[in-house]
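Structures follow.
Two complexes come next, and they have one chain in common, subunit A, joined by subunit B in the first and subunit C in the second.
The block that comes next holds the complex of A and B.
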């Protein structure tokens, strides 16, 4: 289909501000009378605050006030998992205990040093399996796991059960969760190759570039909060409740966000933004809370570490018959996510196994709080399963490409334990395209070639994430100047989806891009609700809402023109910023004229009547403030059917040095399968960005904790081993399938998360290939592990341990 | 720039002092200067983007703090404030410098350039900025000013770098979005724009 905007490159309006430094992040703002907050955080991993003596600090010149957990939770702290604003019951190092405001940061820091906090030290634990041991420490007050409607409970295995798991055997304890479909025993019975083994995925921090600073002040009865979030209206909607301010009285200002990767999507993951808001309310001054890198490590969360056992069976022709997965999740100090279940879901989707069983148990540790991080679960399992496919392929005499094609998801298939049909799926096409553009077959002659201590490895891998939601709202406006104003509540986290989804509205109205304005960046510009910008959903979800709102405006334009100029609305079309009769284009209105007529007519044309009944509360507030100010198109999106998947395929060639353990990625290509491509350069960015994350997952990033004191050692970029220019290929090639999805009006789906999984899968497969099929069963595979393997020594200090050097 | 002060020496001084980087003693230890008796001069003149600015600077104040909080040049970002990420990269006498890791007092004789100083008087973007726009190099954008300054520094020293050379020259700048490939596309495009 020939589009005016869809599939074409453009410059999102915030890009010039990013290259000139003009665009403002939260900490770039100032406010008259602004004071500064600093946090006193827990220096120990598990404790109870017995007493706080701030008298000396409060007596200091320049100190204005403090905020404690007792202030923010006068009825007691919530007894559940999840981050708190402030706490007297810290369960990880760095958790905020109190905040102090002073005229400058130096004074605030000096005053913090004068506060005496008496802690009761409590036992701490860094590894979930240690906590499961009889007598093992519990991460939380009241247990080591949280059960819905029961609260904290303590779960223990027998010493033999823990030891057996660490020794590489299937766990025999009762899991907290079991999900399965198909006849597992029968499927394994049909298998001619079965792999069984344990694995670990290390948790590691998000480390967004922008530390989570925030500025808050109260003005004319409204709270103005400057912060950084992945989402805009969805975040504001949630943080209003956490702060305790009516939604209509909160203005969230967030023009740009310095990275999110899952942990800035929802308000519950940044409750610390309530600190400047509540402190400002208490002392009646604007409060800037600047976050340090170390604090960002603490606020910013981390990926769940997974400790698992996997058994996979393949039929003689390479079809995956069964997968049995048992995972103990590291839930960190504040509870975690559903990564483990998503891992099983991913295997079901990507490899279409006849039978899958997932068993899982989530256990807390006194480490960083865990939550969604780019492909949570799907991407941890990618580097685990991919080498298993390769070894199975070699054993069965099937090519490594063919075993993926044999098991590939396609339109008409279902996936996941719920057996949900895909809206569309073109994985075979993506595999073919990657193989062709990479010359996969031609390169096979290079496989395992050696040059001194260096050996070539080839890898191919797949990524998946569910990539679309629905049920949100859209608003477009037009004034008498005829410009199209697309009110977009999508956050600006760097994907440019706030802009590319807006182009769906411009497409409907055939509006030149230079005649469009995206209204975004702060909620007092009256924005509709969106789903949070996580889960690769924004493109699918918000092209639906923008498209729908523009369709509503188009319908109204035709109604007005037909009423005023004669004929039926179906006699009219739009082009060149005019609504006109199809038969005689001279009969019609310019957009400026039809907008003027809409404003004169009022009622449903200006948002005063006949609004969709299902509009979210947030959207209703926006509409009430826009009512009568212009020509309005408004839309509530009904729910879609099926699972819109985002798929990627990556192929790479590496050179692995057996003497140093160093990996050089010589060439890499990633192919996206995400329906219609909205914005090629944006797509390219998601593919190459995901690639860097996949390289980090497979080869570098991990938590490290001091086992004696529970102190985090990866609070900075260097220790955390975030990939740099030199850890990534000099060029990453990209491409895409570009076939439309029928459940989206422009055919688009998301891609941000799978782009990481396929790279991790391919890179780990290439490492396995270079080492003659050795399966590490781990992410990351560090240089030390490679050297130890080559030397024939143990790869891990403590089997299956989390938050240490192995995993 | 005060040639006696290197980042390594600064950090060594901090470590040797056994105190945080806010220690005045650390500053003198790092620079090798004698501590003056009486007082430390606070009002200093520094040359920023071609303008001499007179600014009240504390002895331990970093250049990043001065630029952002005294001069309002918030294009220079603080990602780590510990010399790891490069978001605060500026040019001092054409040399890429982490503004979080040098003290403003050491800048008295230096010519400092920040991202705000790159545009021409008529508002045209610098070729690196223009190339980064054309190639959609930024994602979240927080590291972008630092990436821009590293690229400008590179192209002044080497107007026609290979992609491999550019990769090494830019390697002091972390991009958590992983947009390295797009930044390198931007650097190579900038070489074309500069001609």
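The block that comes next holds the complex of A and C.
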């Protein structure tokens, strides 16, 4: 289909501000009378606060006041998992205990040093398997795991069960969760090659450039909160509840966000934004609270570490017959997520196994908050499963590309333990495109070629994430100037999806981009509710809402024109910023004229009547404030059916130096399969950005805690080993399949998460290839591991340990 | 109790002397309360974390006499506050002492090299994260080493020379200067002393609180590199987790005098395997007068790690160090 905007590059409106530095992040704002808050955080991994003596601090010049957990939770702290605003029961180093406000940061920091906190030290644990040991410490007060409607409970295995798992055997304990489909025994019985082994994934932190800083003040009964978020209205909706302010009295200001990979999507991941809000309320001054880089690594959180056992069976032709997966998840100090289940779901989706069983147990440790970071489970399992496919392919005499094509998901297939049908799926096309553009077949002659100590490895890998939600709202407005105002509640986290999704509205009305204004950046501009901008969903979810709102406006335009100018609404179309008769384009209204008529008519045309019944409360507030101010198109998106997948395929060639353990990625290409491409540059950025994360996941990033005292050791970009420019290829080639999805009006699906997973899968496969098929069963695979493997040096690391991953 | 995150500079006096005499006088007067400030890359972390609390900083970067690279009667002299970028790009250093240019060019990141100085790179404190975190370890005046313990995280720590502390020399330029047999020019208000590079660095067995022989009133003002090893064949390699902004897991600097394929003389130094740059004199003896060969390289590599004592997580440094020695001999 020939589109006016879809699939075309454009310059999002905030780009000039980012290039010139004029755009404002939360820390760039000031307010008259503003004071500065600093946090006193727990120096102990598991403790109970017995007493706080802040008298000396409060007596210091320039100190305004403090806020404690007792202020925030006068009826007692919630006894559940999840980050709290402040706490007297810290379960990780760095958890905020109190905040102090002073005239400047230096005074605040000096004052905090004068505060005496008496802690009762409690036993702590860093490795879920240590906690499962008989007598092992529990991370939480009351247990090491949280059961819905039951609270904290303690779960223990026998010492033999833990030891057997660490020794590489299938866990024999009862799992917390079991999900399966198909006849597992029969499927393994049909298998000609069966792989079985244990694995570990290190957790990896969130790494957003902009820390979780916020400014808050109260004016005229409203709370103004400046912060960074991935999800503008979805985040505001949630943080209002956490702070305890009515939705209509919160103004959340968030023009730009310095990176977000999931943990800035939902208010529950950043309850610390309530600190300046509540402190401001208490001391009646605007409060700026700046989080430190180290705090980004403590209460900023990380992905779950997974410790698992996997058994995979393949039929003689390479078809994946069965996958049996048992995972112990590291839930960290504040509870975690469902990464392990998603890992099993991913295997089912990507490889269409006949039978899958997932068993999982989630156990807390006194380490960072666990949550989102680009792909729950799908990306952790990617570097584990991909080398297994390659070894199976070699054993069965099937090419490594073919084994992926044989098992690839396509339209009409179902995936996951719930056997959900895809809305569409073009994985075979993505594999073909990647192989062709990379010359996969031609490169096979280079496979395992050596040059001195260096050896060539080739890898191909796949990524997946469910990439679309529905049920959200859309609003478009037009005033008498005829400009289209697209009210967009999607956050601006750097992907420009707030702008890309808005173009669906412009497309419907055939509106030149120059005549469109995106209304976003602060909630007092009256924005509709959107889904949290996480899980690769924004493009699918919010093109539906923007498209629907514009369709509503289009319908109303035609109604007005037909009523005023004669004929039936179906006799009308739009072009050149006019609604006009199809038969005689001279008969019609300019957009400015039709908007003026809509305003005169009022009622449903200006949001005063016939509103969709299902509008979210947040959208209702926005509509009520926009009512009568202009021509309004409004839409509530009904739920869709099926699973809109985001797929990627990556191929890479590496040179691995067996003497230094270093890898050099010589070439890499990533192909996206995400329906119709909305914004090619945005797609390219997603694929390249995800590639850097995938490289980090497979070969660099570490998540270390000291077993002796529970202190985090990787609390900065240096220590956590985020890949740098010279660790990534000079050029990461990208491409996309670009076939439309029928469940989206412009055919689009999302891509954020999978772009990391396929790279991790391909890179790990290439490392395995270079080392003659050696499977490490781990991510990351760091230089020391390669050196030890090549040299045959024994490793002293505790098998399957989490959070002190090879020290 | 271990400090939590601060990330705010404390109140501190700042002195910015513009001449040598004033700087030396300040160093003498302030003693251990006067923190010498070069490019600041080893300074601000300590101070913002409030794990070091000197009363004053003496900024040295305005003293022109301690900047730049010049020829002297026997070799070259490099001012201690010369930036690493300038050293890496200097034609004289590149042509005569390529091993140093190469070493300087891979310190940290371009941004850090643009402000980081040679003196700062040589005098930087241990990078053991336990110590940097402000724990009460031996090096911080306490009575424990958290890294050399049954559960300690010690992947980056020492193979040799452990004496209560197992931190390693983090510098990239130090092994190059030891290999080049450089001399450190150390000044104080009472005069100047010249110290061979190899003797400038001290291990924990001699001084567990400091990594160099500098006294509180002394300043490293220059480094002199003799012509002995000018234009020699050299080998430099740094293996780090990342290719930018990282410290070496092991690095190696070697210079050779070779004639007809025979190594007539050589000097080897490895970093990140001991608290000081480790001179490999046994390797030098082994290869002296020998033809370059794979057999020699293997033998020398094995000799290089004689006496190494691996900790829990740094076994890999033994084969890595052996491999780097092999690569140096292969050339």
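Here is the rule we use: the second predicted complex is superposed on the first by the 802 of 807 C-alpha atoms of A that agree within 3 Å, B and C clash if a C-alpha of one lies under 4 Å from a C-alpha of the other, contacts with A are read in each partner's own complex, and residues count from 1 in each chain.
Convention: a contact is a pair of C-beta atoms (placed from the backbone, for glycine too) under 8 Å apart; a residue touches a chain by one contact, two chains touch by 3 or more.
All values reported here derive from a predicted model rather than from experimental measurement.
In the superposed pair of complexes, A:293 makes contact with subunit B and with subunit C alike. By the touch criterion stated above, A:479 is placed in contact with neither subunit B nor subunit C. Applying the stated contact rule after C-alpha superposition, one finds that A:660 touches subunit C and leaves subunit B untouched.
Of the two partner chains placed by superposition, subunit B and subunit C are both touched by A:726.
By the touch criterion stated above, A:718 is placed in contact with subunit B and with subunit C alike. Applying the stated contact rule after C-alpha superposition, one finds that A:783 touches subunit C and leaves subunit B untouched.
Put simply, subunit A uses residues 106, 292-293, 717-718, 723-726 to touch subunit B in one complex and subunit C in the other.
Residues of subunit A that touch subunit B in their complex: 9, 11-12, 14-25, 27-28, 106, 207-211, 256-261, 292-293, 493-496, 681-682, 684-685, 688-693, 716-718, 722-726, 728-732.
Residues 38, 40-44, 93-94, 105-106, 108-110, 113, 292-295, 298, 453, 659-662, 700, 704, 706-709, 711, 713, 715, 717-719, 721, 723-727, 782-785, 787-788, 790-791, 793-797, 804, 806-807 of subunit A are the ones that touch subunit C when the two sit in their complex.
Of all residues in subunit B, those touching subunit A in their complex are 22, 68, 73-82, 84-85, 87, 114-116, 118-119, 125, 128-129, 132-145, 148, 163-164, 167-168, 170-171, 173-182, 184. Residues 1-11, 50, 109, 129-130, 133, 135, 146, 149, 151-155, 237, 239, 241-246, 249, 312-316, 318-320, 323-324, 326-327 of subunit C are the ones that touch subunit A when the two sit in their complex.
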